[in-house]
Each structure stands twice: as C-alpha cells, then as structure tokens.
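Notes follow once the structure below has been shown.
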C-alpha cells in the first residue's frame, strides 16, 4: 500500500526524521491559512506518483492568496492519471545539496538494502553505480551504528551533517521494520544550511502485513472491480482487450495472456484465482468477468490445490442461477479432473486438455475467426 | 545489582506480570495503612537474600494493627546479615499450586536459558532434573511463541493457565532483555484459583550495563570500603585475615590468596587492581589497603597491560607523601619491569621475581615467623 | 537419485489437522512420502489416518527423526512455525503459505541460513523427487520418475510444463517450486548447482517469469558452472510494465527484469527459451540428442 | 605450526589511535605481528607508525586482506565494533575489553557463530602463536616458541604460568586467553580440540579457576578426545563461596564449580592438577617423559 507524501512525512516526524514545516489542505482556504503561517511555501499535489513537478503539480509562492489559487487549481484536477484530493503546503527550503536515501527489500539478497547517493534529486535513476551506496543489512542484528558510519563515509560527508544523516537513517530503519514497509525513500534529502531535511517521502507498506497495522491510514489505489476482486481474495488487473481470462496461479495466468496474444487476441484482464478457491469465490470471480461484457471467457485451470470439480460446480452454479451470455472456453486438468469434466459435460461444455488449444479457440471466438 | 523484591515486583507490573496487590512501607504506620486497605496480608522484610521465612522475616495477619506490629518488629532488625529498612505488605494469596519460572544467562551455552518447573517453592534446588524444564533461547530471534508453547507443554499445563504462563514468560523475557538483567526469577509463581501470580521477585541487573539504565533505582550491596574500591575501578572484597593483598587480575589475585593460605597465612582482602591502572588509582588502592591496618602488604604484579613502573611510582608516591607504616612485600615482573625495580630499589625495596617467594615472605612477616 | 529429498526423508506436517493439512497429508502419503508426524497445538495425542499428532515440533522430534517439514499454517503464524521447525533442527522446510509479510520472510531466511536449513518457498507448491518423496500440494499423477530436473518460480505454470513433459514421455527427477514471493529461500542458481551434481538428472528445465533478476543471474551462473543442457520457459511476454517500487526498485533492477532481457541473457548462456509451453519437450529432446 | 593465527595472519586494530591501541600496536609490531591496518572513526587517512588508519572496517577491508582484528574500544561501544568486524568477514576477533554487558556478549557470540567468526574473549589478554603472531596485550618477552599449548580463563595468572614454563625452558606453541567473563567466545573444549590436531603442540596446560562448569566439561572431553598430555592449574582453592545467581545459578551449576569438584573431574580424566604455579613445569616434564 503506497502512502501519500503527507502521510509519509507524518510518519517521518514520528520517527524523528526532520521534515519541512507545513500541513495538508483539502481546500483553497486551508492552503491559504497554512501558507499564511509559514511565508514562502511550496504547494504540492498529493497523488500516488512521482514526477509531479514536470506535470505542473507543484507550485511556489510567498503569498497566501496565491497559495490558495495554486491549491484551487490543483484540487480536483487530474494529474498523471490520479485525481488530486489534497495538497501539501509547506515551507520552501533553501537547497544547498540534494541527497538520496532509501531502504527497501532486495529480493535477490533476501535482505533489506540501504540505497544512498550524494547525487539525489530528479535524475537519481541515472546516477552511475559508482555514486550509489548500497549496503545490505543483516536482520538478525538490525541497523547498527557501524553501518551508518560506512554509509556516510561512502557518501563523503563528515561532521554534523554525517551525524544528522546517521540519525535519519536510524529512524528510517526503525520505521521500515516497525511498519512492515517495503520501501521508505527520501528523494531529495536536502542539506539546507546546517540542517538535513526530508523534502519528499515515498512510503510503501507491505499489503501482506497490513493485518498488524490497523492504526495506519488506508489508501485505496484499486479500481472498483479490482477492489471487489481483492475482497474475494483474487488478484485482478483490468486490461483493454475482449477475452476475459481466469486461471489459477500468477505464472499460468501470465502464460495464458501470452498465448492469447500469440494467437492474435486481446485479453480483457488478468485474473489469478489463486490456489484452492472453493465453489463460491470461483462463482463470484466468474460474475466479475461477466460484468465487463467480454466477447469470450477463457478459463484455464491446472488443478493442484484447486479442485477441478469445484471449478466446474462454480461454472454450473453461475450458468444455472445467473446465466452466462457469452461463449466460455475451458481448459481443465489436475486434481479431481474426471469429476470436473463430467460436471462440465452435463452443462454442455467439453473441456480442453491443453492450454494452447483452449487459447486458440477463445481467440477464434472473440475475433470471429479473423485470426 | 540485585533489586529488592518490591522493586522487582514494580518492574513485573510494568511488564504485565501479575503481582499481588500491596505496597512497600518504611514505618509501622505505613504498613498498617496498606494492610487496612487489603485485609488478609503478608508482611515481608525487604533484604537482598532469600530464605527470609525460616529466619522470621515474613509474617501473616488479617489485622492492620498486627501488621503494624509485625512491621515494627522487622524494621531495623538484622536478618541474614542485612538490616531491614522496608517491608512489603501485600495480599495473602490462596495457593493452589507453586511453579518456578526464571530467565538467566547460561555462560556455557552463551545463551539465555528459561528454567521452569511445576514443582516450585522453597525446595526448588532439590527438584530432580526430570521435573525441570530448561530451554535455551536464540537471541537472534528472541522468545517466539513456539518456545512458550513448548515450555507449558513440558510443564504439563493447558488451557487458560498455559495461556497466562506464556504471557508471563513473554513479559519476563522482554524485561530480561530491555533491563539487561542477569536474572529474573519468580519462585513461587502461584496458581491461585484461575489466576497465575508472581508471589516473589528476584531480579539482578548486569552491573556492566547500568550505564544504559540510569532510570533504575540504585541498590548498594557493598561495604564502605568496597564502595570506595569500586569507585576507583577496583574489584575488592573484605576478608578476615591480616595480610593485605593487591594483585592485577582476578585469577592471579585468587592464586595469591591460595598461596598465602598454602603458607599458613590469612589474607585480609581480595583486591584485583585490574589491568592497566595508572599511578593514581594504584596509589589510592594502596591507601585503601593501609586503612584496614594489616600486618603486612603483599603486592603481586605480573605486568601485561599494567606497567611495572606505574606500580613502583604509586608505591613511591604513597610512601613519600602518606607513609607506609607496615612491611610491604612486592613481586614485580612484566612490562617495564627493569624501570619498576629500579624505582622500588630507590625506595628501599627489592622486588621478588616469583610469587610463591613473595607470598611466603609476607606470611613470615605477618605471623612473626610462626609458620 | 534426487536432490534435497528422497525415499528416506522423514516428513513432518505442521498444521496437519486443518482441512488443507489433512487433505494433502493423505495425498502425500498416497504418493509414497514418509509422513511420520504432524503438529497442531492443542491436538497432541490425536492422529490423522494413523499419523501421530503432537502439540509442538519439539515434542514430535522427541519421538521421530524429522528431516523435512511442510507448513499448512495461516500466513500471520507462519514465521513462528518456521522458526519452530528450524530451531528443532529440521533441514528442509517447505513453506506453502502465500501472503507472508516480507519482513517475516527475511527473518526466516536469516535464521534458516544460520542454522543450515534449506527453505523452499514461501508461496510455493513444494518440491518432489518423483516416485520417491513429494512434499507439497502438486497433483500426484504428473510427477512420474525420469531424468529431467525442473525448477520454477511459479506453481501452476510448472505443473503445466511438467504435464507437457509427461505427455511427451519425459519423467522428472526432482521438481522444485522456488515460490512466487519477493523473498524466497532457494533461487535458480542453488537448485541448478544441485541438479548439475545429481546423477539422476540429465537435463534441466527452468520456468521463469518477468520481474526481478533471478533469470539473468541464473544465466550468468549457467555459463560458468552448468554442463548439462538447460531449457527455459518464461511467462509474461505480453504483460504491461508492472508496478514499480519507487526509484529504489529501478536502482536495484538497473534495467533487468524485462522479458526480452531475460531471453537475451539465457540465449547468451546457451539456454533455448520456449515460446509456448508445449514446445518445452521438443527443446528438451533436441538438447538431449546433441 | 600453530592454531587460529600464524605468521601469515593479517591483523587489524580497532581503536588504534587511543593510548592503549597505539601502545599495544607498537608492542605487537615489535613481536612480529603483521599489523596491516587500524580503524578509528574520524581518523581515516592518518597513520600510526606507518600503519594506515581508516574510518571503518569496511574501508580497511577495501585495501587489505584482514584475517583477524583486535578491539581497543570502550565496553559500551564494543558490541558495535565487534559486529563491524564480523560483518566485514574477519574470522578471528580478539575482544580485550572488560565490563561488556552480558547481553551484548550473547548477541556478539550469536552473530559470530552465524558468520563463522572465532571470538577470543571478551575480557582477555588475547592469544599468541609464539614467535609468529601475537594479538593481545601480554608482555612480549615471555612468549617464546616451543611446543606447549596453554589455554587459560584468567589473564595475569596465565602469564604467571607461562613465565614459570619459560623459566624452566619450555616455550609455547599457541597460548589462548579465553577471557574472564561469563559469556566468552571460545571454551576449553574448542581450544583443546585444536591443540590436539596441532602438530606444533606436544603437551597442553589448562589454567582454570573456581566457578562455572568449564573445567568439568573440559575433563569429560579430554577423557574421550585428547591423547596429548594435559596438565592443569586451578586458582581459587582458598576462596569463600562466591555470590550466587538466585536459585537459577544453583540449578544451572547443579553442584559443579567448586575447587574440589574440578580437581576430582580433572584427575579422573588423567589430568594432574598443580597446587602451586611453579609446580606446573615439573608436571609437564613428568608427563612428557611418559
């Protein structure tokens, strides 16, 4: 779950990481009030995406009235695919240097990794490797002082700035662990006079750990259909084609989409029904696919923990109770395969054995045989 | 640093470990007041030693007036070598079962160890091994729920009592780690109806970690001379003989005492001057030895990090500025030995090469040649 | 021959009394796996089809030699169960659950490494040494003995590939599901190295997908260390770019992770990449003929 | 021959710019130890008698192969320094400081074990392979090459014993100070096992003391595993019973720890125990004659 910048900064403050003075505003009046207290401010659109500046989502002013106008222009507008609901109004920093500092999970190393650079700012992804500090952490001992010493040494900073960056790193790690973050990122980390301040905040919380962080704000990135799928325990992404797809497992779902594309069709969605879904969730998933009015539905099941009879029963249930007005192509093998095929046969469907055959058939139906 | 029972129980409460209702009293009136609020109480002398019951340091009553009398009798009295300054007045528990539960450091395993038994109470040390649960903990993961499950399984308890003991164990471990304890011990851990309650508390904090626990109460177990020695960074224990001893290192100091005993003498103290003490602390240590009016002083230095010239200079300083009215036998070898011997020679002392020779000489002086 | 597990491996099931645990205990027994004990706190003393159930892993370990364990435990409790297995000295731990918090996974991997435990998963179907020992939830009928080693990041897709191999007459030696999470215990390289040493494996099939850099790293390793033929299948050619993990994600991957990049890296290491699942057996046949 | 360290061992000094660090750096160099680098945060780029100083261990490791490190670091910061050395891959870590919190010591030992680092100490004088490499604070002149291995719980008492051996014409192979704290890295058994294998060691002297059960455990080990002659000296015969660690201390020791008990255990394992330090060389001579 991605957090908005203003939420990330509230958390930073809680973990002792300095952030600019400021506040979040949902109206122009609120923005003016905050700006009035601060003076020279930056007004920043709060969306779950970076590169807001280039897209016009950030403005500077010293006048509260102008801050209100900036906020008024931003609020409700569309920016990089998101609607702006809030703006962050905060003190404009004098920027002497821009650093980059982040903690994330390095899957290959199976460890947290610190990423840092003395060349922070917008073009951080292009900073050459030799200017990028990478240090893996051993979770059995956590972030020890020696790690911070090594990071600041490699950044080439000393004295009080080094001390401040070490302290920020320490707070950042505590937050990373305690909040089950997948990412905590400060870009830029600004040296402003003798102070080091986090000028931005990107925080992503591990969705799988949200059950132990009931106190965190809830940020919803999903579309309505995706949300519904999530509530059903399904992994669902909308695409722009016309063949609705359901398979069990992320890999086989991807491979199914690949096959549709290979045969010249266009998938309407990615729907991984996961392993071991019973009759009811599978039926709900089918209803979800139907709600998008596809030209065909392709179900590709290789039953392991998923039982073929459950899938077949779900199909039968939906067909008998709700009706399925589009052609359905089913590939069904694995656990309880014979039972499943028998149920489908009773419902007028002959299941395929191979997924490429099923995919080719679905494309044929959707394209009206044009491919 | 050992804590008094009442301090341990205050900490228990802070870590969510249930303790009997009660309070600490320094006067009979306070004891009566607490007893008046509770009803049936136990009055317990607060000393840094166990086996208080057998020594008459614990009394029971239901009458506040009698509680005052018990307190009045205990306060100021001598008990097992300690003066009673405070009594703990607390609710008398109905005892259904007595368990034993402790966490300490197992040096041989280099790990914390849980010790637990369903046969707690006064005779815990005699409980046979098969009724004692021992589980080592891996500090890299701490006390995980599975450890508590295994402890209660081996204790043979289930249901809500198991749940309560698990919770107590969890609090106990948190306290053990956060307070740098060497020992946290509950004996007995009482099953009273459907509640599990810590009826006693033995807590020892690691002296070497006190620097990070400035908020803990300070309990002084040392005699005045031992206290002074501690402030000088010396390890000092008073004994009842007449040969004052100073050596550098716990092992060699022990060996020096062994030699004195071997030759028929009696050491007045154990004084380990440690490694690398400079001129001033060594001089102060000498003054400390002199303050106990020994018949002879034996100094046994094998210089490693300790420098022989520093020791010799300290001797010279004390001799010249304060005076040394008793015979001093010195054994001096190791780092800067030649310099040290030369300084001693200038001060009228010929140092020995071997410690057994020096010890024999010191005994000869102290016993007037009777040995 | 086989890697990690074989016909002598004694297997524990943690969470054996749950629906999934019981169902798959039966499936594994049917396959021939030596399921010697189960653990379910509070259920000690009961049994599941004659498999004795204990309250703790330590209690089970008092009665049985335990070589491997498989977890049928809800994600929030999986870390504790994994620690319990590792602390009891179990050397192969199969973690089925998905949705295990990534910080828990990192903690498990660190503890497993310190204790010399091989972790398979999490979010895996398990592993199977065909005809000898299956520790996982894959359908029994597809895993027939043979000399093709298979290692896969994804589950059902792996069955798909194994199904295609089986249909073409190729049995499998050991099939390992690495698991679909960001942090998992085994990677391609470690499994490839074992399969290279395994006398029962003649060719290796890698089932990968887009994202991460595991396939690129495997390719580099194959070049230097693997002499047996390796065939790959990769899913995700048609996938739109996935969600990114801030700048940090980009910095870590440094351009790796795309379908094309992976195909290029594998080809450069002499590994042919099948475009469709059913092409895998053909490529295996061609490689074995060489 | 020697154990743990030898003439090829590259040694780092953590805390080299402090008084003790600098003094003993010179002493070690004088003894012949290959001191290749020092670390003192904030002092990177300086040198001590030509020994380059770095800000961090990682920085030193970029420039030098580091086999061992010795800490001249105040106790409150020793844990961090120890972790730093272990994380940098140093395989022998000598921890001089005393008064290290026991929880810190347990954390260090756990981390060292996971990373395969041998820790000597804390609260030790160090170790020396005589004539080859000294990592510690013991006076140079007593450690002359020979074939007696010495392992001791206490520091100065060990010099005393080695001094007696030297005076009697016995040089030493490797001398190891286990350290005087409750939790230390090496124990008698581990060192005895190494000395048994070491071709440069003909006889072993153990210097023990009352308290704990290390000597009893060593005695049991010697019985089963050590064929070379072992001689012991124990301090503390005259000591009054020490302070006890609650019931827990008694439960852990179960009657072990007394002088008499230790002597009995050692004698039962065929280890003669000297009553006075100067008797050690006589017992060594007698054992070597057999």
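Should a chain be cited, it is by its letter among A, B, C and D, assigned in written order, with residues numbered from 1 in that chain.
The definition used in the following text is that a contact is a pair of C-beta atoms (placed from the backbone, for glycine too) under 8 Å apart; a residue touches a chain by one contact, two chains touch by 3 or more.
These figures come from a predicted structure and were not determined experimentally.
J.: Going by the touch criterion stated earlier, list every chain that contacts chain C and also contacts chain D.
T.: Output, common partners of chain C and chain D: A, B.
J.: Out of B-D and A-D, which chain pair has the most contact pairs?
T.: Pair with more contacting C-beta pairs, B-D versus A-D: B-D.
J.: Work out which of B-D, A-D or B-C repeats the contact pattern of A-C, with more than half of the residue-numbered contact pairs in common.
T.: B-D
J.: Which integer distance in Å separates the CA centroid of chain B from that of chain D?
T.: The answer is 26 Å.
J.: Nearest whole angstrom, what separates the Cα centre of chain B from the Cα centre of chain C?
T.: Using C-alpha averages as centres, the distance is 54 Å.
J.: Using mean CA coordinates as chain centres, what's the chain A-chain B distance in Å?
T.: The separation of the two C-alpha centroids amounts to 56 Å.
J.: Please list all residues of chain C that touch 2 or more other chains.
T.: 107, 110-111, 114, in rising order.
J.: Which parts of chain A, given as residue numbers and ranges, touch two or more other chains?
T.: 138, 140-141
J.: Which residues of chain C touch chain D once you look at their complex with the stated criterion?
T.: By the definition above, chain C touches chain D via 113-114.
J.: Please give the residue numbers of chain A that touch chain D in the complex, ascending.
T.: Those residues of chain A that touch chain D are 138, 140-141, 144-147, 149-150, 153, 158.
J.: Which residues, counting only chain D, touch chain A once they are in their complex?
T.: 41-42, 44, 55-59, 79-81, 83-84, 87, 107, 110-111, 114
J.: Considering only the defined contacts, which chain B positions touch chain D in the complex?
T.: Chain B residues touching chain D: 50, 100, 102-108, 110-113, 115, 124-125, 129, 132, 138-140, 177, 180, 182-183, 185, 187, 202, 204, 206-209, 211-212, 239, 247-252, 254-255, 257-262, 267, 270, 274-276, 302-306, 333-335, 354-356.
J.: What part of chain C is in contact with chain A in the complex they form?
T.: Those residues of chain C that touch chain A are 20, 24, 75-76, 98-107, 109-111, 114, 125, 137-139, 142, 152-160, 163, 180, 182-185, 187, 207, 209-210, 212-214, 217, 235-240, 245-252, 254, 275-278.
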